[in-house]
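We just call them A, B, C and D in the order they show up, numbering each chain from 1.
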Amino acid sequence: MFQRILIANRGEIALRVIRTAREMGIECVTVFSEADAHSLHTRMGHVAVPLGGRLPSESYLVADKILKAAKETGAQAIHPGYGFLSENAAFARAVVDAGLAWIGPPPHAIEVMGDKIESRRAMLAAGVPLVPGLTDPVADADAAVAAAKGIGYPIMIKAAAGGGGKGIRIVRDPGEMKSAFRTASGEAQSAFGDGRLYLERYLDEPRHIEVQVMFDQHGGAVHYGERECSIQRRHQKLLEESPGPIVDAELRAQMGEVALRAGRAVGYQGAGTVEFLYSKGEFFFLEMNTRLQVEHPITEMVTGVDLVRDQLEVAAGRPLARTQDEITWRGHAIEVRINAEDVNAGFLPATGTIRNLRLPGGPWVRVDSCMYRGLEVGLNYDPMLAKIIVWGEDRATAIERMRRALEELNVGGVRTSAPAALAVLAEPAFRAGEYTTHFLEALDLKGRVGAQERLVAAISAVHRRAMASRRALGADAGDRRGWQARSRAALSDHVRLATNPGGQA
Amino acid sequence: MKYFVEINGRPHEVELTERLGVLSVKVDGEPLDLAYSEVDGLGQFFVLSEGRSYAVSIDGEASELGVTIAGALYDVHIEDERERAAGAAERAAAKQGGLVKSVMPGVVVEICVEVGQEVEAGQPLLILEAMKMQNELVAPHGGRIQSIHAQAGQAVAMGAKLIQIASLEAPE
Amino acid sequence: MFQRILIANRGEIALRVIRTAREMGIECVTVFSEADAHSLHTRMGHVAVPLGGRLPSESYLVADKILKAAKETGAQAIHPGYGFLSENAAFARAVVDAGLAWIGPPPHAIEVMGDKIESRRAMLAAGVPLVPGLTDPVADADAAVAAAKGIGYPIMIKAAAGGGGKGIRIVRDPGEMKSAFRTASGEAQSAFGDGRLYLERYLDEPRHIEVQVMFDQHGGAVHYGERECSIQRRHQKLLEESPGPIVDAELRAQMGEVALRAGRAVGYQGAGTVEFLYSKGEFFFLEMNTRLQVEHPITEMVTGVDLVRDQLEVAAGRPLARTQDEITWRGHAIEVRINAEDVNAGFLPATGTIRNLRLPGGPWVRVDSCMYRGLEVGLNYDPMLAKIIVWGEDRATAIERMRRALEELNVGGVRTSAPAALAVLAEPAFRAGEYTTHFLEALDLKGRVGAQERLVAAISAVHRRAMASRRALGADAGDRRGWQARSRAALSDHVRLATNPGGQA
Amino acid sequence: MKYFVEINGRPHEVELTERLGVLSVKVDGEPLDLAYSEVDGLGQFFVLSEGRSYAVSIDGEASELGVTIAGALYDVHIEDERERAAGAAERAAAKQGGLVKSVMPGVVVEICVEVGQEVEAGQPLLILEAMKMQNELVAPHGGRIQSIHAQAGQAVAMGAKLIQIASLEAPE
C-alpha cells in the first residue's frame, strides 16, 4: 500500500480522502491555493504545499505545480477527487509518466468516456442500451414516420441547430407526425435559419439513476447498486438517495450488469459511475463519470463499504476485497448538498463569511463538510460547502431523519440550499417516491410561506432593539455579556423563563 | 417604538413598549408573549413564546436580517419609525425610477440596453455571470435608461451600481 | 403513538430522545434547571419548562416539579433517560398513577433489579448463573476446603468486614487453602477486629459484557446482542464496543437467551440491559440496568435499529416491530465517552467554559453531544459532555476510525478524557482484543511522552509572543485581524507558506 | 527573547529572534522552522514546521497553556526571561515550604492535619470531593503546618488557598 499520497483537490472531497487515508495509516500531501491557506483540508493533511494563486486556473488546475509538489514531497500516488483535473486524461497520463500511481481509471478510459460520440460508439458495440434515435437528420415527414418505427413512440423532433426549446415537438402517435414535422421545421428555419430535424425517442417521466462500479487491475469488477439523482436543477443535483425508490432487486442486478459491461468495454479500472436515464421500465446509458462522485456516501451508507478505501486498494494493485455476492444492501440513505445559494432569490450564488455554525448530529447523521468559523465563501470555487447524509431502516425513516438533520443545521453568514431540500422532503410526490428529473424545477420555492411569520417579526424587532442598545453602550460594544445583561434587564418579565434561571451572563 | 418588518415581502408592524423595565410586544396589533436571549455571541438565540421554545439563528446586520427557525429561513427587512420616515420620502421620489444594483458579485457578460432607451418593467437590462451561471437582471419598473455604470467583461462587486433608470412621468 | 412526551433529563441523552421523537413527529417537553437555560436540550425541544435551582436535588430529581410540568403541558408520557429518576421505582409509580405512560419498565421490575439481594434471589430461581459463592462465613480452613468443592477454583477468600484489599487471598488449589485462610483471617482480625471470612469464586481475566434487551407489553421479547464494556476506571466506563471481541454467534445466542430469561423473571417491559461478568468461557449475572444505557448507540450502529424508537413504540403499547431472527449484526462499533476530566492530572474532574469546538465528522462517525460554544461545565452534573461513536466493517477498521475521529476532536476550554481513549486504542493488548476490567487502571497514562514536544515548545513561545503583541496593541485587543497581520509581519519569512498565500486577514 | 517552557514536566528553552522582520526559532539550541497563524479567533491555529502541517488548538491564558495536536494534549507552563527572573527568587524562598491550593473546585470532606504538625512529602493533608469522587491532597514536600484556610464541609474554588506549609530547615 502507498505510504504517502497527494490529494489534488480541496473542500469536502479532499477531507473525505484524508479521513480514509489517515485510517489506513497513509500520509496525505495536500495542496492549497492562496484562498485556502486556512481550509480544513490544508490543516488536516500531513504535509501542505502552497500552489499560489486564488483562481483554480492558477492553482488546482495547474498540472505542473501539482506534479512538482508530488515529486518534492515523495508522494507515490495522486488522488484527484472530483472536478478539477479528475477527468483530465492528459493529466492522468502525466501522472503515470512521472512514475506515480493514478488513483483513477486509465487515461484511455477517461478519454473515451469523456467524448460523447466515441463513448456512444463504444457502448453501442458493447450492447449497452442507448436512447434510440437517428444520427442523421430526416428529409421529410414521411421519412420521419418510416424512421419512427425503428425508434419507438413517443418521438421527440429536435432542430439540428436547436436550443432554447425552439423547434422541438413531442409526437406520441404516427398520425401527429406530419403536422408536428411541418411546424417544427418552420420554427427551426425561422429561429436558426436551418430547418433540419433529428428524431429521438422521447423519454416520459425520466429519472436519473446511476450505478457505482469498481474494477481492479486483475479483471475483477463489482457494482454497489444504484443511486437515484433526479432531484436536480439545471443538471445540478440537490438531493440523492439509495436505493432508488422504484428499483427492485431484479432491476438492480440488470443495471449493475449493464454498468459493468460499459466499464469493461473501455478497459476500466478504479471507481466509476455509469449514469442511466430511466423511463417506464427501460433504462438507457447517459454517460460514465470516470471518478469518485459527490454522492458516493449514500452508497457507502447502505452497503457498509468505504469506497475510498476500495479505490486506494485497487489503485495500489490489490484485487477487489469482495465479490459481488458479498455486497449487500441495508436500509435507505439520502444525501443533501449544502450549497452557498440563496433559495429565496432563485438560487443565486451566495457569498459571505461563516460566522456561526451548528451542524446536525446524533444517530445515523453523517456530515461531510469543509465549513469552519471564519471560512470566506467566494465565487472562485464550487458552491458546495457540505453534504448531509442520513441513513434509516427504510425510506420513510430516512426522509424524517433528513428533515430533522436539516432543521438542526445552521450556517450563519452565508445562505444555503438547505431550505430547498426541506421543501422537497415535504412534497407528497417526493415522499411517495414519484418524481422525475423535472420535479425540482417545477417546484415553486418562492411562494412558500413560513408558519412562524408573526413570531419572526417580533424576534426581529426585539433583536434590532438589543443591537441598538449594544451599539449605544459604545465602549462595551465587544462585550456581549454586558449587552446581554442589559437586554435581560429590559426584558425581565418575559425573559424570566428563558434567561433568569440560567443566569448565563 | 414601532418597527416595520417585511418578511419574504409581506409587511408586519411590531410595537415594543417598555414599562417598568418590562417589554411588551405587539405584532400587527395583537400581543405576543416573547422571551429572547443570546446563547453564544455568534448568532444563536433562544426564544420562548406562547409556551413553545425555539432555537433561533439570526444573521445579517442593520435592516437586512436572515432569521432561521428549524431550517426555515425568513428574509427580513426591518425599519424603525425614524428610518421609515426618512425612507418614505426617498421611496416616493424613486417610485418610478431608480438604481439597479448588482445582486451578487460576478462578471458582466452583456449589457442589453443603451442610454436613453425606454424600458418596461421586467425587461432584461444586463446579464451577469457568477459561478458559471448566467443571470438576467431585469428592470424593476418602467422608465428611461439614464446612465450605465458597467461594461461587458467587467467584474462587479455585490451591490455595485449598474444602471440608473429615470421615471418617465416625473423626470427629476 | 404519543403526540407529546416529557423528557425528564438533560445533556446528550435528552437530545438523543428529542432527535428520535422529532423524527417520529412526537413533540417534546423539556425541563431545565437554572444552569441549563441555554442548553441544547432546552433549545431543541418544542416546549421548555423551567424547574428552577442549579443542583439536581433542586431540579431534575424533584419528582413533583416534573409531574407538574407534564400535567401543565399535556405530555402523555415521560422518558427518564439514564441517571436522575430513571431507576426510581417510586417515581415510575407516581407517573403511572398520574395517568401518564412511563417509558421504562414496570415499577416492580425496577425495585427487584435495584435490590442486590432480591435480584440475586430472583435470578437464582430463574436459573440465571450467578458468581458461585457462600452466603455465610466459613468456620475454618477445613470447612473452606469442603465448601470450595461446590464453588470451584480459583477461590477468593474475602474478609466479612473487608475493604481496601485487606484480608483477601486468591486460592488456586486445595493445598494452598490452609495457609491462605490463616493469613487472611489474621490480617482481617488485625485490620478490622473481625476475622470472619467468606468464599467466592475468583474470576480470572474478568470481562464486563452486557446484553441489550427489549420487551413489549404482549409477551414479546428480543435481544440485540452484546456490548463489551471492560475498559473502565472505578466502575466508570470509558470505551465500549460491539460485538464483544471474544463473543461468537453461539455465545451471543446463549447470553441473549439468559438475558431474556432474567427479564422475564421480573415481568420486564421496555428497554433494559443485563450485565454479565465473563471469565474464561463462563458468564455470570452481575445486575440489570432498568433503563436505556449511555452506550446504547454501538448496538444501534451494528443492528441498524433505533432503540429509542423501539422503546417509544413498546411504551405506547405496540408489539415489537421485529422478531429475533430479523435482528442481524453488521460490522463493528466503538463508543468513547468524552468526559470533563484532566487525564494528565489523574482524571481529576475538569471545569471551564467551552470556547472552541471542533467535532469530528465524515464517514461512519456519529456524535452525540450536548456541547456548544459558551457551555459552562461545572461540577453539579455528570461530567459526560459527548459520546463519539464509530462504525467499521471490522474491528480493526473501527479502531482506526475512532483514533482518526478523536484526533479531529477538539474541546477548547475544558480538559476531556479523549487522550486516555487514544492511549487505550494504541495499546497492542487492546488491539488484539485481549483485555479485562483491570486494563484501564493498570495503564500508565501519566508517563506518556508526546512525540511533538519540541514543536509544542516552539508553538507555545510564538503564541505567547503573539498574545503579548496583541495586548500591546491596546485598543485593538478585540480585533484579531489586526493582531494577526502584525504577527504575520513579524513572522513573514517563516509564515510565507502558511499565511501569505492565504491572505486571510 | 528567551522562553522557559515546561511540557508535561520536562523543561525546554525556546529562543525567538527577530531580525529584519523575520522571526527565527531555536528550541534547546537547535533551529526549528515554523509558521504559525490563527484560524478562527477562537483557539484554532495552523502551523507548518519542517515540511509538515498541523491543525493546532491552544487553550488557556498567560503562563498555563494546553496545546492539542491530533488529540494529544500537552500541558505547557511557559515563562519569559523577566517572569523567570521574578519567579526564581520566589521559588527559592518557597523551596522547602509553600502553599497548598485546591487543584479543583469541590467540597472539603476532611482535614487530616493540624496547625503545628510536622508532615512528610506525600502525606495526606485533606480530602476534597468533586463529582462524587474523593481525592486526597498530599503534602508536596516535608515541613510544618503553618496555617489551615479551610474546614470540613466547606466548598472551595479551584486554586483556593487551603494549607500553608512552612519549611523546617529555613523558617521564615
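Everything that follows uses one rule, which is that contacts are C-beta pairs under 8 Å (C-beta built on N, C-alpha and C of every residue); 3 or more make two chains touch, one makes a residue touch a chain.
Here the structure is a predicted model, which is why all the values come from computation and not from measurement.
Participant: Between chain A and chain B, what's the gap in Å when you average each chain's C-alpha atoms?
Facilitator: Chain centroid spacing, chain A to chain B, equals 31 Å.
Participant: Please compute the C-alpha centroid of chain B, do the same for chain C, then give the distance between them in whole Å.
Facilitator: Spacing between the chain centres: roughly 50 Å.
Participant: Do you know which chain B residues sit against two or more other chains?
Facilitator: If we look for residues of chain B contacting two or more partner chains, we find 37, 40-42, 44, 46, 48, 54.
Participant: On chain C, where are the residues touching two or more other chains?
Facilitator: 37-38, 44, 48, 358, 372-374, 403, 407-408, 497-499, 502, 504
Participant: Which label fits the chain touch graph of this model best, line, ring, star, complete or other?
Facilitator: other
Participant: Pairs of chains that touch, anyone?
Facilitator: Every touching chain pair, ordered by label, is A-B, A-C, A-D, B-C, C-D.
Participant: Help me check something: in the complex, which residues belonging to chain D touch chain A?
Facilitator: Touch list, chain D to chain A: 37, 39-42, 44, 46, 48, 51-55.
Participant: Sort out for me which residues of chain A touch chain D in the complex.
Facilitator: Listed in rising order, the residues of chain A that touch chain D are 30, 37-38, 42-48, 73, 372-374.
Participant: What residues of chain A sit close enough to touch chain C in their complex?
Facilitator: 15-16, 19-20, 22-25, 32-38, 44, 48, 50, 52, 297, 300, 304-306, 330-331, 358-359, 361-369, 372, 374, 376, 393, 397, 400-401, 403-404, 407-408, 478, 497-504
Participant: So in the complex, the part of chain C that touches chain D is made up of which residues?
Facilitator: The touching residues are 234, 343-345, 348-351, 355-356, 358, 373, 378-379, 382-383, 403, 406-410, 412-413, 415, 418-419, 422, 448-466, 480, 483-484, 487-499, 502, 504.
Participant: Report the residues of chain D in contact with chain C in the complex, numbered from low to high.
Facilitator: These residues of chain D touch chain C: 1, 3, 5, 7-8, 10, 12, 14, 16, 18, 21-25, 27-28, 30, 32-38, 40-49, 54, 56-59, 65-76, 78, 80, 103-106, 130-131, 133, 135, 158.
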